[in-house]
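Shared between the two complexes below is subunit A, which pairs with subunit B and subunit C, respectively.
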Partner chain A sequence: MALSREEVLNQILKRLHSSTPDVEGAAVISMDGLVIASSLPADIEEDKVSAMSAALYGIGSRTAEELKRGDIEQFYIKGNNGIFLITQAGSDAMLTVMANVKAKLGIIFLDVKRSAEELAKAI
Partner chain B sequence: MDISRIKQVLGDINDKVKGLDSMLLITEDGFPIASTLDTGDKEIRSTAAGAILCDAGLRGIKELDLGDLEAVVTLGTKGYFVLNRIKDGAILVAVASRDVALGMVLLRIKKALPEIIEAVEDG
Partner chain C sequence: MAKNPVKYALWGMLVGNIESMGILPALQGGEAIARSIETEGGDVLEKLAQIDGENNYEISEKGEFRYVVLKHCPFASVYKDIPAWGEKAMKLVDAYNKKEDGGGALHPICLVHKGVRKAMNAGVISLGCRSEGTGKIEVAEKALKKAAITKEEVLGMIEGKACIFAIKA
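What follows is the complex of A and B.
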């Protein structure tokens, strides 16, 4: 039996989560900041993640345009407790990933980009 | 604060990394401290963008409980905007084209940070 769209999205998120141990959570968010699918730790509020994703990506997009850096593809903030990475997943959604500070950014970028492409197709 | 030393360090990185458009040290309030740009519209726009992104990054870090803000990075189709928060409310900003590898930009910044921090604290 074919999987529903929601199951496909959840499967992609789970695969990303399990293939990269430093990824602590991931979510697919609509461009206006609503959760489409998520695989986040229990102590993380989904609404906070989705709202922050839309707000940060919006500001990143405006500044990229203002400084002639083209269309935004990825945006991340790094704190001493973790990394919050947002990647465009097609024209309608973004993939948000929370990773710990030990994460190798290059590896995370690669896995996240692959997942974002899969999500864009699935959406 | 040793402004001439800061300018020297910023200029050195800018010269050594091809594709790095400009380097700036700014305050969190959005004022330039030192930069490789001439005073004018471009410097004002880069400084303002840096302050806006730092503010957004601080909010995101606080909401998501990621500790102290270290960096905010925007990756666009035509280039990068890399922001590193350093001591005393100062922010190091790098504006680069897509021709330069992100790893090179991050590496040069990492190497220059101790000297910039020392120059900020000097006097």
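What follows is the complex of A and C.
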């Protein structure tokens, strides 16, 4: 039986989570800031992640536009406890990923890019 | 005709921020208001009444819930003589109304108002809003079951009034 769209999105997030153990959480968020699918740690509020992702994306897009950097593809925030990555997943959504401080950035960027492409097709 | 600068400043800040950052400024605005009315002790309704207005509540009880109807929208005067909210801000209101824990918003200021209730961390469940200007009603349908109330009951209680929310008695 064919999987529903929601199941496909959750499957992509689970695969990203399991293939890269340093990933602590991921969510697919609409441009309006609504959660489409998520796999987040229990102590992280889904609402906050979606609202903040949409806010960052909005400011980033505006910045890229004003400074003539073209269409936004990715955002990267590094704190001393880990990273927060927002990647465009098609024209209607973004993939938000949180990873711990030990994460190998090359692998994370590669896996996130692949997952974002899969999500864009599935959405 | 002269414009009201205070209304225009509020409108401009809210629309500008929403257009750049989505729902976050509305929620954070609500949190800031909630912090400003937080006082030690006191019932949550006493705290909320500081912005909702004195003698503006009609309260009924059913089962484990108190249902609170606001007779007048405390922000109604702001809505008069301001420019249109714009497509992006109203799209955000629509998106909020589709959220699992959202719904019942008519304008971007409703999002700030609901943000205040959420930030009180007192289990307030927003159930609906009615526009004083147009009579349009928006019910938070996904919240009805959680608040043990039907859509018909909400519509009956809000008719001729402004806003309704539930809180555990």
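FYI, the second predicted complex is superposed on the first by the 123 of 123 C-alpha atoms of A that agree within 3 Å, B and C clash if a C-alpha of one lies under 4 Å from a C-alpha of the other, contacts with A are read in each partner's own complex, and residues count from 1 in each chain.
By our rule, contacts are C-beta pairs under 8 Å (C-beta built on N, C-alpha and C of every residue); 3 or more make two chains touch, one makes a residue touch a chain.
Since the model is a prediction, treat every value here as computed from it, not as a measurement.
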item: Fit-or-clash call for subunit B and subunit C when the two complexes are aligned on subunit A; value: fit
item: Spatial angle subunit C-subunit A-subunit B, Cα centroids [nearest 10 degrees]; value: 100
item: Subunit B versus subunit C as contact partner of A:M52, first or second or both or neither; value: both
item: Larger contact residue set on subunit A - subunit B or subunit C; value: B
item: First (subunit B), second (subunit C), both or neither touched by A:K121; value: neither
item: Touching partner for A:I77 - first (subunit B), second (subunit C), both, neither; value: first
item: Touched partner set for A:K104, first subunit B, second subunit C, both or neither; value: neither
item: Shortest CA-CA distance in Å separating subunit B from subunit C in the superposed model; value: 10
item: Doubly contacted subunit A residues - partners subunit C and subunit B; value: 51-52, 55, 59
item: Residue numbers on subunit A that touch subunit B, as the complex places them; value: 44, 48-49, 51-52, 55-56, 59-60, 63-64, 66-84, 98, 106
item: Subunit A residues touching subunit C - in the complex, by the definition given at the top; value: 30, 32-34, 47, 51-52, 54-55, 58-59, 62
item: Contact footprint of subunit A on subunit C as seen in their complex; value: 19-25, 27, 91-92, 95, 98-99, 101
item: Subunit A contact footprint on subunit B (complex, rising order); value: 45-46, 49, 52-53, 56-57, 59-61, 63-81, 95, 98, 103
